[in-house]
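Consider the two complexes below, in which chain A is the common component and chain B and chain C are the respective partners.
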Partner chain A sequence: MAVQAVESAITRPVFGPAVALSCRECGERVPLGPVFACAVCFGPLEVAYDFDLPAGDPEALRRRIEAGPPNIWRYAPLLPVPADVADSPNLNPGFTKLVRADNLARELGVTGGLYVKDDSGNPTHSFKDRVVAIAVEAARAFGFTTLSCSSTGNLAGAVGAAAARAGFRSCVFIPHDLEAGKVVMAAVYGGDLVGIEGTYDDVNRFCSELIGDPLGEGWGFVNVNLRPYYGEGSKTLAYEICEQLGWRIPDQIVVPVASGSQLTKIDKGLKELIALGLVEDRPYRIFGAQAAGCSPVSQAFKGGHDVVRPVKPDTIAKSLAIGNPADGPYVLDIARRTGGAVEDVTDAEVVDAIRLLARTEGIFAETAGGVTVGVTRKLVEHGVLDPSLTTVVLNTGDGLKTLDAVAAGPTAVIRPSLDAFRAAGL
Partner chain B sequence: MSVTVRIPTILRTYTSGQAEVQAAGATLAEVIADLEARHSGIAARVLDDSGRLRRFVNVYVNDDDVRFEQGLETPTPDGSAVSVIPAVAGG
Partner chain C sequence: MAVQAVESAITRPVFGPAVALSCRECGERVPLGPVFACAVCFGPLEVAYDFDLPAGDPEALRRRIEAGPPNIWRYAPLLPVPADVADSPNLNPGFTKLVRADNLARELGVTGGLYVKDDSGNPTHSFKDRVVAIAVEAARAFGFTTLSCSSTGNLAGAVGAAAARAGFRSCVFIPHDLEAGKVVMAAVYGGDLVGIEGTYDDVNRFCSELIGDPLGEGWGFVNVNLRPYYGEGSKTLAYEICEQLGWRIPDQIVVPVASGSQLTKIDKGLKELIALGLVEDRPYRIFGAQAAGCSPVSQAFKGGHDVVRPVKPDTIAKSLAIGNPADGPYVLDIARRTGGAVEDVTDAEVVDAIRLLARTEGIFAETAGGVTVGVTRKLVEHGVLDPSLTTVVLNTGDGLKTLDAVAAGPTAVIRPSLDAFRAAGL
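On to the complex of A and B.
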């Protein structure tokens, strides 16, 4: 009943240009509310817009965006948030560096321009700050008092931090055996952190059940009942990449795939920029990257299937270890529609790719970044990714969170003497 | 075989708001058929036109995802707990 009362009080400006939720599967439309699955077919609901923007004058909109704050709120006119969102207490994520990666390009044989979108620069050092920022605004609008999520680690930290800043209680759920860096990052902000004895998919199932129970009353689960809003945050990756390339769509983008939400929203963001005339309408190819130990989407792509068969994850890339990816079928659709692909690499290749990115560009990626760089290398080697085209690779998190994955240490330990240094042969 | 079925919020319009209902059947298919008999219309929400589980529905029998078991033919022993959950969460 509380939710119904909140829904009736919602006015359109709270959600900016958003006008409804629409089922991606069957097209059913429902009012904006804290719902995530279609009541007709169980398909995912996503935000539908009526952009109130100056028609036929993309240059004016580009100038308006460029004059905005150096974070995702410069794109507020394209997001389900109020126009004055930048005044609300939040972490102001985004506008991270797009690094021209010439050294890495030489190693991989890419000649058309290679860039790394380095989202480790976000407030809690992963892209999750983007999606959480949008979910927090929705949580405010719906009157929730507790923020929650199921998480493979990065999201738990992002929710904890955003809740602390915005004045929500937080209670987040993770698999009990995550990397120490991610556990500390999730716990330090003072909210409740609960380890679940099981995989991420078990955690996700638990949260889905909790949401329908009185125990979860008044809780906004950013990636469950707020998921339609949350997902929109990933569009800002597409907006930023294009703006940072001089309002141009890259030819190829390599995106990590866990649930697949990020990849689908990057595609949505690119289509919006084209529809609004902010970028030239030209072909682009989107590639998905998974770890071999959790590669249900990659296996489906390579097998020619349009259904993703769930798997039991076994990989060091824990931030991508979702065995039953919610948006997997849409990742397949997008990869095929755009002429891209979905590929996977072994854990050894992930570690090697982390080291490759670090030694060539000075970027220390978490395992998910190792997956995208490793898959990029594999796609080039197999002739699937065109090295003569402009390519952007996503690094979605900071290597400091997954230190255990990379066994790095001193080249030598010596006495503080010139003789000892000479003897070390360095 | 009597089992307890956990109903997601979006299907509770079919169960008069109840979060848990009882049903009978030796397999998941039989349980869903019995649910339909007791709560008309609910089967069409869970199954597609071909009678298969919709791709965005997860069903668990005693904590096991039926996609890793025998799908609709997964046995539902007496006292089992069946949980129906939207698949579009997480990530």
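On to the complex of A and C.
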């Protein structure tokens, strides 16, 4: 896109309190633009803020947030979006339920208070609506006309839906062998959906090529050239959890790890809340959860390595099947710094955990939710997660999108008669 | 169940402002209990209230509601539930999004403001969570230990999930040929799920038999012997729509018609809001929407009949496939009294409407949502629905549960290369 268009968009009001992009590795600062890698050291860029907030008056900010809309825009003062963001057409995700999970806690032996942050309540039923909502605002600011992404499924649906409502063309890329629910959902919004013969990592590489090609002119790839903005959406998970706990940081949080971005942004969000005085500065532990069939970060953590060695994914948890996770090293840092851990569970344990969450709390999670619940169980059993502390487990997606994972069906099929029912012996 | 147990449960606090059941036909009053038909005239029983509310001060009640939780329990003072209902384990449904649908309005030619009440945001992604939540409280009060229902699918999932979380056994009955998504969702919560070889009407008849049999002892059938309580959950749709419009009744509401219960309770809810002074008393029109393949109420409306002649359903809108709708005659009354109508659309129009809603607003509705949007379009085209008035269309379910209805898939499947993408011509 033309430099001119970018320059006109980088006035402060369009991005709210965001003032620059800064390199996570070397600290280099660049103006807000559709760039994602540091020109100096190739490190990832992230959004830097100058929060224009009531100085020394966190109570006023809390009240302002609490009076906001029941979606992520209540946190607009902490996000790279204009103050009037809620007036633009978007899906208004967020403010999903934080479910007090006493039945599950009893089964797991957690006594300090267990909660499930259930992001299946988002518009397209995954946490991806949060990150896409922020990316849409950035795409608008930069004058992009097509929204795109590489996706393991949930993101494809979120981009398709958000683009439809916000008036963008969309063209999204997925591995060709995704679950039917995710494919139909990605296609139904009327944008282009392209299946790529390969893994997610192949899809991702292809999208990086496309950005550098004239074919990709005017395209905002939410998780590539808009990635710094996109990533900020995950901070809202941290904000909501704390607000829903009465402006308190939980002792322990269990987060799924695909690229690792979500976990790092939850940490960033918690640090912001502390810096702004919105919550008490107290220790917290962040745990990462992977499927054994795609566990490069877990393997590195358990092996004591700093380097995350890419793997070829083989797991039913397709939404977490990123073999070369961009933010893997940062996940390791955060787990180690906070006293957390990264752990993985087998596909069989994932399915068990999906069923456990369903029968205890009435929440039907997708495989990624089975991963976090399964890892929570394992961490308690291994004495790594402290059952006497307040713990929040993330469910980031919806069981209706991964139906094949749980082979659930009728207990019995009978004729409509009492005799037949009696014979079924239920 | 023992009469004793029933009597002990009918003290006022357990049912909040509810004081009796009254017959919709003859007005006969009976104590609150697990009964659903009038002993005098066999008419349906519904909940009667004595609202203990600040006299002549609707503003105080509005403030009390607005300060309540972001779910149906904010309306506890208007429901047959105890004041502390939110402390019991349940799924806390409701307060779903009322989406301003400007893109859809442009396509339909509606200029007076068009909104979609999107109940796919509920915990099990259909409006059934609302009615089940109330029925669970009644089941608790009456000492039932098993929750049951006859279901076209959505209700089965809602009962299974609510029972799991609230600590009931569940055993639910569905036609054997439902959509995969609905079957898996109904089964995953760990209760018993019984497929019946027959239509929904066969399932319903079977459940009525089971209630009279010792096999059904201690069972609360949410839509049979708990039906008067269950039905009240639909009132919350009316409450929320009005509150979300700034305590204003919309001019026109388009509601799907299966048994017809939802439409009648929305009317009841609106009348209560008027009586309590929470909204201005102004005219409103209620429109019923059916699929052509199961349109007994629509046929009666268009034929000018008072009697609804049962049909054998044949439509992809399985959640509306009730051939012998219990509340059909009341739907006719309400449509005629309010200046509304009842209309139906073909299965092809249902699919078109699902795609229309998805590509304009990013909302992926189940077939029932296709029915209401399709009927809205037809009513505008025929000059029956006034496009210059504020209109609310209900989407009561989730497209992920009726995937087969929309044959959506990738635009192209390609190798991960720019050449292959160029050749695809997108």
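Here, the second predicted complex is superposed on the first by the 420 of 426 C-alpha atoms of A that agree within 3 Å, B and C clash if a C-alpha of one lies under 4 Å from a C-alpha of the other, contacts with A are read in each partner's own complex, and residues count from 1 in each chain.
Simple rule for what comes next: a residue touches a chain if its C-beta (ideal position, glycine included) is under 8 Å from a C-beta of that chain, and two chains touch if they have at least 3 such contacts.
Since the structure is predicted, the reported quantities are computational estimates derived from the model, not experimental observations.
Just chain B (first), just chain C (second), both, or neither: which does A:Asp84 touch?
It touches nothing on chain B or chain C.
Is A:Glu217 touching anything from chain B or chain C once the two structures are fitted on A? First, second, both or neither.
It touches nothing on chain B or chain C.
Based on the superposed arrangement, let me know which partner A:Phe364 touches: chain B (first), chain C (second), both, or neither?
second
Have a look and say if chain B or chain C is in touch with more residues of chain A.
C
Given the touch rule stated above, what does A:Glu381 touch, chain B (first), chain C (second), both, or neither?
neither
Identify the partner contact of A:Asp50: answer first if only chain B is touched, second if only chain C is, both if each is, neither if none is.
neither
Figure out whether A:Pro416 sits in contact with chain B (first) or chain C (second), or with both, or with neither.
second
Looking at A:Glu280 after the superposition, I want to know if it touches chain B, chain C, both of them or none. Which is it: first, second, both, neither?
After superposition on chain A, A:Glu280 lies in contact with neither partner.
Between chain B (first) and chain C (second), which does A:Glu209 come into contact with in this model arrangement: first, second, both, or neither?
A:Glu209: touches chain B and chain C.
Quick one: is A:Phe42 in contact with chain B, with chain C, with both, or with neither? Answer first, second, both or neither.
Touch status of A:Phe42: first partner only.
Under the contact definition given at the top, report the residues of chain A touching chain B in one complex and chain C in the other.
Common interface on chain A, chain B vs chain C: 205, 209, 213.
Where on chain B is chain A touching in the complex?
Counting only chain B, the residues touching chain A are 6-13, 19, 45, 54-58, 60, 65, 67-68, 83, 85-91.
For the complex, which residues does chain A have touching chain B?
Contact set of chain A toward chain B: 25, 35-45, 150, 200-201, 204-205, 207-209, 211-213, 221, 223-224, 227, 258-262, 307, 309-310, 312, 322, 324-327, 329.
Which residues of chain C touch chain A in their complex?
Contact set of chain C toward chain A: 70, 89, 91-92, 95, 97, 102-103, 118, 121, 123-125, 157, 160-165, 167, 171, 174, 176, 180-181, 183-185, 187-190, 192-198, 202-203, 205-206, 209-210, 213, 215, 354-355, 358-364, 398-401, 403, 406, 408-418, 421-422, 424, 426.
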